[in-house]
């Protein structure tokens, strides 16, 4: 049983903890945080299903006042695990790394940290083998994770040598007040970092792209224009077949009622998924169109939860639980119920 | 065991079904709908925990094509129940009523129907006794339901003779595309129907109010200016004490992180509540202020789920399961876990 | 002096009237509408700078009650003009056409009408010559008009044989309450009509695209992936040079403060432009990137006003005021002050 | 001719400059700013109708590079004026005050500064006389300015001794990207500062209130519950008559098309008002309702421009141009065209 800890119980940390909890070959030793945030209060109201440890600087009296039990210090947690999933606020992960190194514990950092924090920039499908046995991995960000799923899916089957992407980005998470955008679309300098990151993970693909922030809270939409390897045409039918066979891609239709990003969230809520989360990216069948040698399509990225499966893959790679991407992703998918909905 | 059916498996119908399912003294016989909507598809993907019946006009072949099993017709469902919860689209409930009357089955209609569809316009706390044994009840709308909870709470304890309300209304539900508002606040003709409805349920209170639609999807906020009976002052402390003792009111603070309507939704998601729903209204301790004889405060109304408890109360009244509001609401609260969070 | 009338004094009609008013070689005979809308009331408050005629079905007593003077019937207006600009609600233009035909008057229809209403689907730069002397023109829609400006600009100079576009569409105009979108991105079935329309106007270009509605009110953003003719590469520098020389394209930079669509609106307000309108499309210098043989860039489309210049061009074509696109657009630009800002 | 300068040419500063420019008994000597912002670039593109001075720390070479002429330093501007209107970013005004004091120049600060920066907290109608001859005034904020207009209007005619307000606040200005709110309503700790500020200006009125931020960019809406002096009832008709006679209040109806805050902005654009601005607050006739002794109504506050008239009044007070509120506001109104629309 691989022992796992989670540092930072925020939007991502909560979901990482839940994800590990579902992996039957892993044990969630505990989570660590700094203050009795709403997320910690909710954990308390649920009856403390996960053990809580306090990071340095935490004021234990505040937890005591609320009757929230703590199991020890951050060092205590690190001392009990094989690997830490670090979803601390940006920059804190780099500091935490010193503690991990001292304790001889592996770690996986989330997208907010600089690439230099890790030995390998990681994606469960596109470069699993590079992460085998490595001490420090950094996961691709939510957009990049989902984007690569779809590009890798086509590339693996047919070959892709170039993509141009347009990211229609949600600007804040549900419940955020500290950031937002009101009646504005905001452009970022091109090329977007997601295109650059894709090239780091898939160096044989040329990528560029433009990112526009939009005032919504759930689900990025990305359009992808992909050029088949050596100009070999990928038809609509070929693309659709590949996408339908991927266990982390949910192919949907506008006419079934999946009219936009909010439909996935509503559907996941109706499914009874915890937090209304969905691990799969969505891919609209009615968005796939051909243009010359190119194939174009649109995907939906559930930003809060999309990186969870690939992080589970990362644990498998770092701890050499499975030797290759196919067997590792299959284990992760089994425990998260991915692909099950296809029957 | 009281047998219950639900007509219309949309935003409200799904939650009514879930609510009935949790009442240990009720049996959910089944739900009825017209088309394989996303909500029905989600039910299928979950493994059909509820039996499905088809209303007249439904095309069974569409359900068959998707492998969605149906247990019979709408008449079949009506024939098996003691009471129907009708959450059909506005206007359809009035037509369904003819079927209910023919079958000698009671029914509770939701806010979208005209008041004339029912014998009694109902609220579980404010006029439970009027619903005892009645055949056709109509529930107050989401805003009115939550508003009355708070006004009845003060009135019951201290007496209230006048309220002036400002409703800051969410304009659409999460996942809606057919209605919305973009960068605009839209006023409705005053007085708002919620103020008029409150006077129907609580005829000893004079009420008026203004409603403004805002471009958000979860949680109305209402400010209430209440005047104590005969000018008797209700202080901040008195109000707070009453609110804290109510099992369907969740008193929160800005400084704990409940910064607005989105916080309740995020908190309920983190609690693991199905669909991220919350049955309680929120009430901000830091919003309560005095002004002369008046007391002013702000509440949050989770529009998708707030009417579920009062509808369960309605079943109890119509079928005389409990003789008074106190015992009926206590049963409902027990099964829905309301008030439990206070320990 | 060419005599012009405007039917429908709404969002577009008001701006068409203003545009004609500025053309020194045209006379705005009057405008026609059905009811004393806010736009008509504003015209009254401004002192009736334009003559008002009433379309069939209008209730003159309502205008009288407000002291709004009317100069006659729709037929009276049609009888005094050489050409009508029809910006009536969708579908009404087709009916009005019968009146225009009977009176032997030419007309230009806006994007809301079906293509079949007109003899030629028109764009001032891309197919001016096809409109010469033609009786009935239909203007491209706002997105298509702006998109074609940019594609034609590259095509004219370097040749373009293929484009793949992503339209990030504003869902409503400022002041709209009857349509809107709240916290959702909504996809349309691909390929978008704008891509198809582009191919009608520029038949030598292959085009496809995906459209996503977003909850904002001013300014569509379109990303374009363009493939040089025969694979001949258009570099970033080549594209920039062409764009900078176009009088209806305003090249801007993020670092100057043009951070998104709302910046154009604010800038136009600060310029003192009537209604805060801008006739130019915006093009971000920092968005232009190369990808293999392709060039990618982002433009901003001010949806309320972008079609005005091309409609002025249409009058020039239909009435053969100028023989070719270059001289016609130069006249229009001169009167609208387009390109002046470059000094 | 009173000589006026403006420090800070942002959202408010631009409008202050325009306002002074329209006062025939004042001269706008110039404006001062730090960097070639979009607003300064727009001034340049308009042909520099106002003289520009550079505040300390400005990099003149950046202005030179853009061909933007500067007339001198901030000290030069201060040396030429009788009074400065300071609309610098919050906190800067307090520093600038030292320069004003040294130069013996009066100043009016905007809402962003602390009250302590000024000798008198000022409103043109409610306490004009307190500002007579005073060196340093601070204007009420946009919400407070508009709110007081309406409360003073009733108080002056009928007497008011108590108000409870709900502020439905726009969270950002058009063109803002650095602040915003997405799909959330955010509450502030009660009582709101606007209620407290009202009591400072109108000490005989007891006021409290709750403020909720909403994701829109133009126009706050405030509901007011007002209690007549000594319980003397103000009827709907009495209130309406008073409001209709006020030259800075525009009484409108829902049925005329003023459906919400966005209608005022659209109407002002259609009027041809520069920037689509409106100096008047809006007041919905259909929002006025009675509740016991109380009168309730809703107003619209155009946040960008509403303080301009009262700032002009402030100049008149500080420099003793008129001896009382009635004559001062009449002069301001005449030059700004306020009340003209009533004929």
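As written, the chains take the letters A, B, C and D, and residue 1 is the first residue of each chain.
Here is the rule we use: contacts are C-beta pairs under 8 Å (C-beta built on N, C-alpha and C of every residue); 3 or more make two chains touch, one makes a residue touch a chain.
No experiment lies behind these values; they were computed from the predicted model shown.
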item	value
Higher-contact pair (C-beta pairs counted), A-C versus B-C	A-C
Greatest separation from chain B - chain, by CA centre	C
Chain centre separation (chain A, chain B; CA means) in Å	36
Distance between chain centroids, defined by C-alpha means - chain A, chain C (Å)	42
Chain centre separation (chain B, chain C; CA means) in Å	47
Chain B, residues touching no fewer than two other chains	174-177, 182-184, 186, 215-217, 259-260, 262
Touch-based graph of the chains, sorted into line, ring, star, complete or other	complete
Chain A-facing residues of chain D, complex	171-172, 174-177, 179-184, 186, 215-217
Complex interface listing, chain D residues touching chain B	161-164, 166, 168, 170, 183-191, 206-210, 212-219, 221, 223, 225, 227, 254, 259-262, 284, 286-292, 294, 296, 298
Residues on chain A engaged by chain B in the complex (per definition of touch)	14, 37-39, 41-43, 45-46, 174-177, 182-183, 256-260, 262-263, 265-267, 269-272, 274-276, 341
